[in-house]
Amino acid sequence: MLGYTITQWLFGVLSLMAIMFALMVVFTRNPVNSVLYLVLTFFCIAGHYLLLNAQFLAVVHIVVYAGAIMVLFLFIIMLMNLNADTEPRKHIVTRVIAGCIGGVLLFVMVGALKGAEQLQLVQGGSSQIGLVKNLGKVLFTEFLFPFEIASILLLSALVGAIMIGKREKTVEEIGN
Amino acid sequence: MLVGLLIIVPLIAGLLVFGTKGKASHQFALGFSIVEFALSLAAFFQYHHNPASSELILNCTWVESLGIHFAVGLDALSVLMVLLTTFLVPLIILSSFKNEYEKPNAFYGLILIMQMALVGVFAANDGFLFYVFWELALIPIYFICLLWGGENRGAITFKFFVYTLLGSLFMLVGLIYVYSHTGVDTGIKSWALTDLYAAGKSLDINQQSFVFWCIFLAFGIKMPIFPLHTWQPDTYVNAPTQGTMLLSGIMLKMGTFGLIKWLLPLTPLALEKWGGLAIGLSVFGIIYASCIAIVQKDYKRLIAYSSIAHVGLIAAGILSCTQQGIQGGVMQMLAHGINVVGLFLIADILLRHTGTRDIDKLGGIRSMNGNFAVLFLIIMLGSVALPLTNGFVGEFLLINGVYQYSATVAAFAGLTVILGAVYMLRSYQNIMLGERKDSAIAFGSLDGTDKLVLYIVCFAVIAFGVYPKPLNDLAEEGTKIIMQNLK
Amino acid sequence: MIKLVALIPLFPLLGFLINGFFGKKISKGLSGTIASLAVLASFVVSLLIFMDLEEHHEMTSHAVNLFAWINSGSLNIPFEFLVDPLSSWFLLIITGIGFLIHIYSIGYMHDDEGFSRFFTYLNLFVFFMLLLVLGNNYLIMFVGWEGVGLCSYLLIGFWYKNTAYNNAAKKAFIMNRIGDLGFLLGIILIFVTFGSITYSEVFSLAGSGSNSVITAIALLLFIGAMGKSAQLPLYTWLPDAMAGPTPVSALIHAATMVTAGIYMIVRSNVFYSMSDVASEVVAIVGVTTALFAATIGLFQNDIKKVLAYSTVSQLGLMFLGLGVGAYSSSVFHVTTHAFFKALLFLGAGSVIHAMGGEQDMRKMGGLKKALPITFMTMLIGTIAISGIPPFSGFFSKDEILAHTFEHSPVLWFFGMVASILTAFYMFRLLYLTFYRNFRGTHEQEHHLHESPKSMTIPLIVLAVLSILGGFLGLPEFWGFTNWMHHHLDSIILHKNPSVLNHTTEWMLMGIAVIAASITIVVAYMVYIKKQTLPEAKDEKLTGLKKVIYNKYYVDEIYNLIITKPLNAMSDLFYKFFDKQVIDGFVNGVGSAVVGMSSIVRKAQTGHIGVYIFSMVLGIILILFYSFI
Amino acid sequence: MKGLFILSGLGILAMLAEIFKFKKVLYPLVLIGIIVAYALGFTEWNANFNIPMFSNMIRFDNVALAFSGVILATSFFWFILANDYFEKDHITDHFALVLFALVGALMLTAFSNMTTLFLGIEILSIPMYVLAASRKRDLASNEAGFKYLIMGSFASGFLLFGIALIYGATGSFDLMAIRAYISHNGSELPAFFYAGVLLVLVAMLFKVSAAPFHFWAPDVYEGSPTVITALMSTIVKTAAFAAFMRLFLVTFGGVNETWGMILSVVIALSLVVSNITAAAQQSVKRMLAYSSISHAAFMLMAILANNRGMASVSAILYYSLAYSIGSIAAFTVVYHVSKEENGSSNLEAFNGLAKRHPLMAVCMTVAMLSLAGIPVTSGFFAKYFVFSLLIGTSFNWLIILAILTSAVGVYYYFKVIIAMYFKAPAKHDGITIDSSHAVLLLLTTLITIALGLVPNFVIEIFG
Amino acid sequence: MLNGIPINYYIMLCAVLFIIGVVGVMARRNAIIVFMCIELMLNAVNLLLVAFSTLHQDASGQVFVFFIMAVAAAEVAVGLAILSMVYRNFKSIDIDLLSRIKN
């Protein structure tokens, strides 16, 4: 079709959608809608993963992001009752500047990111790296230490979240 | 060994004095400072006896990997400066007996620690050590000025501190720059004086100029040289008299001493290029400060400006890089140290007895205390460098040295002879002579300790003017070493 | 004997120390005696040495080394004395006249509370003066030079409660210092040129110096001499210096110290002989000063001021002599001048003593009867200074003028005028003081009395010397041996041969004598016959008279062109440059930092948005710099 | 390595303490644990050199051990300082969080893979976000935690983007591989690799709070509890520098022309902004925050001078030690003074401290002198090393700037000294402090001076 | 080329997504949205990593994504806890209101 393969078509569509949804995340006033758009973006990204033969990652992505994290966001938004268009907007000048800066950043990034053409590709080969078996092997051999130490990270996040989330028993204390 | 003692004794003494209370503090301090003086006399004689004596050299490793050594040693110049320091400190302590200071233990402890740093500066043979002592000397005097100073001391001492610190940081940079060029052949960097000399000379003219100005800035501020001087009068006036004495009597000499030992041999090329400018500033400073001294009302401030004038001449002489100039500088450093301590004590006595230092309010004190008038006169004459007083030898040699650099400059530098007489005589006349201006001002007899200090100073003024040989010989020898290193 | 030369300054030094430390504890008599004896002892030793030197004429100069003083590389300055004809002669003058004045002072200062202090200073002065002439190098001379300046300062301001006196003292010291700077630079130039400042070495090398350097040396030294010997333009301190006690004026400001400049130039005659320019300058400055001071002397009413201006004028004459190469003649005039000027001052002192401190001649008159000895001796002094033969002044002045004529008739003419004026104002002084009627108060008249013996005896001795002094240097064309020339022969290295013939010399002498005599008569006509009195009120003077009476306004001019600008400049330096510009800059930097601080901290708004903006901006800039 | 495990274990233990009720012994246990970890570090000295562990994920070589030593020593002092802090609610949570943060810090000294770098940073940061916000009722603390969180996450995004780009270019997260790639490919590196390096640089500059990425620091420092501020300005900073150094001296040392100039500008900006802004601060705590930025600039100068082998490393090591010890002393005093003044650490609170508590005044003075870089305190040597590294390079101008701004620095450090000695106190009653804190003050002061007198031990640590 | 799509495309796509995240952080006041935008940034990075992983045929890139996800989860947990605390105290999560500490 028009000289493009299916994957190329898919890439194009997914990319456009991802960018569009991402923009909607930023520009929608209703936080709930933002969350939903973000979930959609994530789905697009998951699609990309699939395109890239990272099937396991795509699943995990959906489960973790769309399933867990975004729900958490949604939950908090609901909890705080922010689901209306109540968010005060930044001054228009600020937003324009933010947009401009984003544009400039994009321009600079594009300048900075050229040169991928020189990249020497390890062409072909099996596309098996994205399989669970493969990933598991790498994760539990090469990346064993980070894997273990990530537990510390999660623990500290756990403790931190609990500590912050717990209601203060005592009245406000002055001092340090 | 001896030199090690010279540094360690005041430190220990200072710490001990911190632990004393009340009157005991100054008695202890005095005792220790006299011990220190005795030690330095021993060093002086030891040097006469055998200049290469191992007693006078101490060299321990400090930071091996960086070539930093705790290397101290007394050469001819150092012996003289150490002698000056240890001679003046007991006098300074003695002169404070009549002043009631809050927390005397801290006061005298700081003085003694300062003495340690000063001796260290003069004895250091290692560039890094020199810098460390140099900075170390700043801390006690800062606190002396801050804690026991006059009205507006906070801002003024701060200005003093920042000024000198800024200068010395530049010096550090200059020294490091030279240091980084040591050990080209051996690959081992060293802070040793001789290595720095060699490295300094190996630099090209632009590098030397950089080093020269970096280091000169520090010395110029310390001395101080026009136009880096504005911290000085305020600080001198605001500091407690003993602090002023330390500042002007000894600390100022750190700058001139540094000039001789740590700058001239380091950057001979730059000196040729920039020496003229530096001398020009110094000489202009002489005239400038002298003129300002003429219109001063506060006697302490007047001495402060006179000090700038004197030091300008010293700097000019030293920068002329002649035997006479440098030697004269050394001699004048000694003389100025003694004189200025005397003069500041006089300012202090005036304030204590009459409650003012305003020379327009004072007057007729001679008719109240003739003895004081004579002592004052002698010290003043030493300060205007009358022959057979201590100031003369140095001043003659200095002008001589400057003359060899340039006759015209010497003529301007020589104006100090005239202008010095103008402001000194004027102030003397206003304070001491004539009729009493304010009947409320009474001037009784001097206190014993004041009298003793003044007598010692006067004796030094005259003895050292009539027979300067023992000191002069050392100054000559030290200068010769420097001159050799200049080549 | 000559080895004992160190004793000469030692005695006055001892006297100084004893009086200085114990003066208040011992009686006045003892104090005065010790001081006088010290000088006497010096005189005796000087005399012995002098005779010793005369006997062994073949060895004219002896250096006596005391101790090494200053060493600096090639500069070696020992504390060394030199005994040669010149110094030995000056030793005699200093100790001799000094002794007489010490004796006189015992009487004169008897009632002063600072009696022992006075003698302390006086001894110290003698000590320094002796150092000045004894030194074997320029620096020792400089030591003495400054030392006498100090003593002069102390003695002028002796009555320290009087502010005017103190000002005079300060002025003297500072003016001297101006000259001293020149001297000092001269010494340094000598060292730089010749590598030594010891006389013998310098003079033997002098030939090797280029003419311009020699001229520079000579001129620099002369600046020193101008200060010390009160020559134009540095003379103004000397009249003011009369604030000191009269014996001081006699000793320091007439007989000894002010002639130090002459001594120095005679000592350095080698340089001056080699430099025509310098000599010419010396001569012109000398004659100008002579004439200038003489005219001022005409209108002075203060008895001591007249003498002071006369001293300035006479010193000018001596410099004229030096300038034309008549070195020994100038020394001769120094000697005779020491005699008669000391005499005149002491006489004036005696008058003032009798008048109870009054110095204004308009309030004197007719003292001849009351003070006979004073009058007689003063008369002798006046005749001597006026140049009437065979009194001493005649011979010495004539010699100088003769040499001047030989050098330049124009200079001679002005010198002559100056000496005629001298005769006029000196006789004016004499007439106004001793003749006519007493013009003071009754009380003063009542107290008029001749001075005590201790004062009159020195007067008499000096009077005798004033009469006989001339025989030290009788004119050679009269057939005598000029002893003075002969004596100083060895130290004057380049003599200019006398070219004047005897007729000219006789003629010059004649003109001088006749002119002086006529002047005296004119003065007689004016002040005795016409009974003229100077105006009592200064304001009434007009025109040139007023200008001269006010000393040509020199002090005022100095005040205007030096003192005031200096003060203004100092004020400018202090209040503007130091406080505003430099310190202002320094403080400005400080407040600028603080000021900037309060601006910069505004960026820290507390808004995360701003922080993120700045961060992104930073990233953009970094990437932009690196890639685009 | 063993230290890392011990701290992790201690952290988990702290969590358990809540459950098994042994809160009381926790505090001594932690202190002992730190000492043991420290001691174990000694046993590893020179032993594990160049032996990759866990597929070269982490490498406790001597440099890592040295920096771990600094961190452990500082944390020991910090625990003494913080004894009050732990007496409140949530004691075990706090312990656990701090200990986990320490684990992150240790990882940052020893990582040798981008993965461990990233995890280390996050393990360090996430507890810090919580700790900054740990005074839950205090709005300032809330705000501090929140700001820290947002900015930190934002910066992490850039770090990750950078890492991704680098990975894209090199195909590996391993530092050795990246280094080999750089030296192998030399000039033919793709442009986006440089972009990756620069983005990592930005993220690290954010972590060490260099201008213009510093804005979070003063606010967070001020808002956080003083004790936590002390932790942030010492341990977190040291760890960040250890990481910075490993990345840019070792890994990206080959492409220093890419980041050298940028870094120098950043340093200059940091020096100027931090010192000038600090000059007008009234709050000493905030002033110390700005001062920490200026010190960061100094440490960055040592990295910039990237040409003397181990010299830069030992300079940074010494600097971080000197700065940490000095800061601990300063924060101890600030802590007590602000406690006295109801939480305000304004300059006036220090007025007349010399009379109210001489020991604190003296120790604070020494700390200020050290921070200002006056001999013979350790701060001086620290600055000296930096100068001597940088001199003779093309960055001489930075030295001049550093000197000029140091003079400004002296201004604000001495404002505190002047206040303590010169101004009259508002209250005249003495201040009482814990004896443990008195000991801590004395100890840190002594170490500050001792380090200045004998810097050999630190400087020559790498032989 | 991976599956027919040049790697440049992926890089650009990720850059665009990342920058949209950055713009979102700058442009929004709602702290939660800001936080979400940060998540978006992380996801852009994830995608990039996966792309590179496929390019290099190297699994470690994908493994890294796991870690990023873990961290993101932890960050979100802590972040939302802090946010809810802030909301409790400030009654708002407008980031512009959180500007009490300044200068």
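Which chain is which? They are A, B, C, D and E, in the order written, and residues in each are numbered from 1.
Everything that follows uses one rule, which is that a residue touches a chain if its C-beta (ideal position, glycine included) is under 8 Å from a C-beta of that chain, and two chains touch if they have at least 3 such contacts.
Note that the structure is a prediction, hence the values are computed from the model and not measured.
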item: Lowest number of touching-chain links that must be crossed from chain A to chain B; value: 2
item: Top chain pair, ranked by how many C-beta pairs fall in contact; value: A-E
item: Chain whose Cα mean lies nearest the overall Cα mean; value: B
item: Per Cα centroids, the chain farthest from chain E; value: C
item: Centroid comparison with chain A (C-alpha atoms), farthest chain; value: C
item: Euclidean distance of C-alpha centroids - chain A vs chain D, Å; value: 31
item: Mean-CA-position distance for chain D and chain B (Å); value: 42
item: Whole-Å gap between the CA centroids of chain C and chain E; value: 97
item: Geometric centre distance via CA averages, chain E-chain D, whole Å; value: 26
item: Overlap residues in chain B, where contacts from two or more other chains coincide; value: none
item: Multi-chain contact sites of chain C, meaning residues that touch two or more partners; value: 590, 601, 604, 606, 608-609, 612-613, 616-617, 619, 623, 626-627
item: Where chain A touches two or more other chains at once, by residue number; value: 90, 94, 98, 101, 105, 109, 112-113, 116, 119, 122, 142-143, 146, 150, 153, 156-157, 160-162, 164
item: Interchain contacts, given as pairs of chains that touch; value: A-C, A-D, A-E, B-C, B-D, C-D, C-E, D-E
item: Interfacial residue positions of chain D with respect to chain E in the complex; value: 114-115, 118-119, 122, 126, 129-130, 133, 136-137, 139-140, 142-147, 149-150, 153-154, 156-157, 160-161, 163-165, 167-168, 171-173, 192, 218-219, 222-223
item: Contacting residues of chain D [partner chain B, same complex]; value: 369, 374-376, 380, 384, 387-388, 391-392, 396, 399-400, 403-404, 406-407, 410-411, 414, 417-418, 421-422, 454-456, 459-460
item: Interface residues, chain C side, partner chain E - complex; value: 601-602, 604-609, 612-613, 616
item: Chain E-facing residues of chain A, complex; value: 5, 7-8, 11, 15, 18-19, 22-23, 25-26, 31, 34-35, 38, 41-42, 45, 48-49, 51-54, 56-57, 60-61, 64-65, 68-69, 72-73, 76-77, 79-80, 82, 87-90, 94-95, 98-99, 101-102, 105-106, 109-110, 113, 116-117, 119, 121-123, 125-127, 129-130, 134-135, 137-139, 142-143, 146, 150, 153-154, 156-158, 160-162, 164-165
item: For the chain A and chain C complex, residues of the former touching the latter; value: 90, 94, 97-98, 101, 104-105, 108-109, 111-112
